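In the two complexes that follow, chain A is the common piece, with chain B as its partner first and chain C second.
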Partner chain A sequence: MASRISRITGVRSMRPMLYSLNAKRSLSSTAVKLANTGADAKPAPNGNGNKGTTHFGFKDVPEEEKEILVGEVFSSVAKSYDIMNDVMSLGIHRLWKDHFVSKLDPGRRPGGEPLSILDVAGGTGDIAFRMLDWASDVHNDHQTKVLVTDINPDMLGEGKKRSLSTKYADGMCTELRLQRIRYDELTYHNIEGSRISFLVQNAEFLDSVPDNSQDLYTVAFGIRNFTNIPAALKSAHRVLKPGGVFACLEFSKVNFSLFDMVYQQYSFNVIPLMGQLIAADRDSYQYLIESIQRFPDQETFAQMIRDAGFETSGPGYENLTMGIAAIHIGVKA
Partner chain B sequence: MFTSTHLRSPVCKASSTILNSARLYHAVSHLPPSPYTPAQARILSSALTHVPEHGFVKDALVLGCRDQGYLDSTHAVFHNGVFDLIQYHLYSERTKLAQHKDKIDAETNDLHERVKRYCVERLKANAPVIKRLPEALAVMGLPPNVPASLEELAKLADEIWYLAGDKSSTFDWYTRRASLSAVYSATELYMTQDNSTDFKNTWEFLDRRLENVAHLKSTLGSSSTWIAFTGMASINLLRSQLARG
Partner chain C sequence: MRPLLNNTRAIRHIRSYTYKTEPSKYPGHVPTNCLQKLFLAAGSGIYSFFNPRRGDLIATLGEATALPPLMYRLRDVMLSDPTGRRILRERPRITSKTLDIAALRKYPANTVGKVYSEWLDLEGVSPDTRAPVRYIDDAECAYVMQRYRECHDFYHAITGLPIIIEGEIALKMFEFANTLIPMTGIGAVLAPLRLKPKQRERLRTIYFPWAIKNGATAKPLINVYWEEVLDRDVQELRDELGIEKPPDLRQLRKLKISHL
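Then we have the complex of A and B:
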């Protein structure tokens, strides 16, 4: 076992672990550099006409740098993303995602139209494949399409790779094309051939997605990494058709204090360690945990969704596993 | 319209869409706001018109969205799916009971007769969906839905006693509501299996249950008198025995 671990982690990767044991909250070297420059350049949050700061885990960084930092994190974890999800959540993330999809129940119904689904921050395609499976298996719908967007080409690359082994990507439309065209040159209109397509997009703008064009907007475990969440919600509102549904699956606040204690201990002690052992990247997982802590609680986030112009029903959210995660749903009225 | 001496349970905990406007007391002049937005109420009412044909299922909800010009996917906004549709049926029929107040007040002065009349009105409202009601009851009986279902039953019993003009301020307040809940749910179950014309058997069943409750009350009353008398007598007997030595 020990030899296996050392083979996985490698000698090089032991250094960050030692480093992080000394300095409790460390980031990868570039990230630290960026964060420091940011802090030096801009000590006061509102001064000098600068754009203001936002949080990156427990650190405050200038808004324009968060995107780069988050990008680094996900580029670094892209390859081991799925196995780490399984290990960290003991496989429960699969149940959450299945529940999320069955709740949305996507697919063409008798007398209805096939759907256009936009899966934002959908990187590895977890939600997208589940949506298409559901539409095909439950509703016998072979026309509903999913557009997967992510700001990070590395994560999107993983999803594209995985899509090639499913029945949804027809080789001509995704692989060959993507070999010729860079991701960011791929526009919304030239990917109509297959049922799943991938596009690099900043969720705050969704430049290539037309107004009032989508039936369903999903974002699973992505929104907490956005630099400007209200802007992303506004974009979601823009691209959805009237009556379209915004659905978000995200980590949230545990509502049972005894269990919360156990969960916090697990989050801060076990997960970064597992990140170190399995993905050889403690800092990225430290960031993931911190970003979960910084994300607003259920009520606050539901209010943010309403403020963006969505209508919610009841409390506007559903807790999963005592609030470790929550599903928020809003409809464009 | 209603006198302020009537006691009524306050709106305790409302869903958070109306949290800001919900009050912890009940005031006749400030009725609690609807937990549904106008758009949601429209969708759910349209969906209910599809229940006799499709049943309490998600398809009815989807058709309701379609009728109101929304997309098929809009149904996802209702977090509890079919249970939200059922709850809307219960909520809307409960609030509609107040429409019968003037008529029932004019016809009878007897409190228990009024309670019976309200029960009949409420059960009649189930008639259009009665063949589908067992589906709804099954969904209401699912463990996650049980608390909300019981809460709705309690609210219905409270509404009926309140409209009938109940002024009890003792422990009776609770027993009346509890016994009416039991009677109402039993009658509703009976009604799902009733094939008589215009639910004649159901109304007779309801009469018998209400009589039982009255009877039970007098039985309880006389038993407690008997227990008290016998208890006192035994203590006195013991005392006299001890005094004798």
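Then we have the complex of A and C:
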């Protein structure tokens, strides 16, 4: 994969190099421009071939390039992802994620089966760990499993690293640690297998996930980066069991104009600056805020979810912090 | 008919607000307004003061503080010299690809090329690609800044100042006196705050006087077409430019003489 990417983009090394500018050459050579073209993505012609273009931030790129470009963005931000999230949202992203998980309330109900949760684009595992904690603490459910998928192996690597220090770690590590823990803690570890697993998958296809197998599909702050959102919604529909829940937490349109103006000023002025200072990577954060601007608003996205075959209740979304983020929930009929 | 109160121009402006920026003027250009430059300067200044290894932030500080009058002045200095005009026309770039270090090592002793490659080997550095200029809002001034950045190592070689922080500060003062780029002045004035008293004394008594005198009286180094003078004798070049070689900083540090 790395050699294919380097052939296409001319980038020699895929390792994010924080203080070197060679890795950033590909982003600046594709020149993520600030000018708002105002044009939406040109639709791909029907039939075979990816001849259409899509948007990468405010720039239009061929569809097959977008996946690579987004991959580069997230490879370079993987390590400083959490710091940057805290700086960009002033720590509020934690509240959003906590509310998201408490709203979904995952966990086996009395007399019910343990859940199988699929967390897509969940690289660093924020949502996965929260859901496992909720299931264990609130419902005393130590069997619900989470499969974390992401298209970017670097982000998954971060998630795997973090999982090692939780009690949901890989089965093998659990066995090694079993010798050192007290007897009553044995019940917290699922000896048969791990409760969290990591897999590199493209959310538009989810090749390794069987049909009708998941109870809950979550995607938090990932769907705006997908090249083909309707395709991702369709594969979400495919892998969910009937009655399964699709839940999406994503940035959205602020519903109050004056606050929106302030928010845009903050986004475009402060966030790339913070990216430059903290992560030495202005371009990736410029892309991130432009992708937020490009994402459809709450009503449009709720309609896209209905078009994929989900049923929504009421408007289908809940605004957080005046619309900076929104939770969209749909149920497979 | 009077417009409705909720349809005034101000409210319409706020309702339809989308963030807009100027178009970019050269590849890699990020247009920024005054306030953004101020934030960039403050942020990168503070961050790089505490973490001077972040070369990219020092570069950003340089671009954010590049006041247009001073950059245009430097460009005009280039325009008023025939070699400078040629540099601006041809826009040569110095990178590890365009400069063949192995060939330079074979040059005769005391030529600019040989001294440069010796200095690179002594300090253990290479002419790695300098960060491209992004925040300067004029394409020509951006090239002038890029050229200054890429020639910085040549200034090191011709003055013999080492890459340690003291040497960098002394060279910054020299460059400030010679080019008046604001970041060089800021670096030369604020960076010594990080040094020990003994190093500050060395700077104050020896290197700053040397830097100011030579920088101000020498010919502008930005006008030197370095790629063409590689085979010239280095002392001859120094005499032509009007630069004296300062005392060897590495030797001085080793000697540890109490009054130096």
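As a working rule, the second predicted complex is superposed on the first by the 261 of 333 C-alpha atoms of A that agree within 3 Å, B and C clash if a C-alpha of one lies under 4 Å from a C-alpha of the other, contacts with A are read in each partner's own complex, and residues count from 1 in each chain.
Please note the rule applied: contacts are C-beta pairs under 8 Å (C-beta built on N, C-alpha and C of every residue); 3 or more make two chains touch, one makes a residue touch a chain.
None of these values were measured; they are calculated from a predicted model.
A.B. asks: Between chain B (first) and chain C (second), which, if any, makes contact with A:329: first, second, both or neither?
C.D. replies: The first partner, chain B, only.
A.B. asks: Looking at the overlay, does A:261 come into contact with chain B only (first), chain C only (second), both, or neither?
C.D. replies: second
A.B. asks: What's your read, chain B or chain C touching more residues of chain A?
C.D. replies: B
A.B. asks: Applying the document's definition of touch, where does A:149 land relative to chain B and chain C: first, second, both, or neither?
C.D. replies: Neither partner.
A.B. asks: Does chain B (first) or chain C (second) touch A:282, or do both, or does neither?
C.D. replies: second
A.B. asks: Does any part of chain A touch chain B in one structure and chain C in the other, and if so which residues?
C.D. replies: Common to the two interfaces on chain A: nothing.
A.B. asks: Chain A touches which residues of chain B in the complex?
C.D. replies: Chain B reaches chain A through residues 15-17, 35-37, 39-40, 58-59, 62, 65-66, 69-81, 84.
A.B. asks: Which of the residues in chain C end up touching chain A in this complex?
C.D. replies: Touching chain A: residues 11, 14-15, 17-21, 23-24, 27-28, 30-31, 35-36, 39-40, 43-44, 47, 53-57, 60, 129, 131-132, 134 of chain C.
A.B. asks: Quick check on the complex: what are the chain A residues that touch chain C?
C.D. replies: Listed in rising order, the residues are 19, 21-22, 28-29, 31, 33-36, 257-258, 260-261, 264-265, 267-270, 273, 276-277, 280, 282, 293.
A.B. asks: Show me the residue ranges of chain A that touch chain B in the complex, using the header's touch definition.
C.D. replies: Residue positions touching the partner: 103-106, 108-109, 111-113, 115, 215-216, 241-245, 247, 299, 302, 311-318, 327, 329-331, 333.
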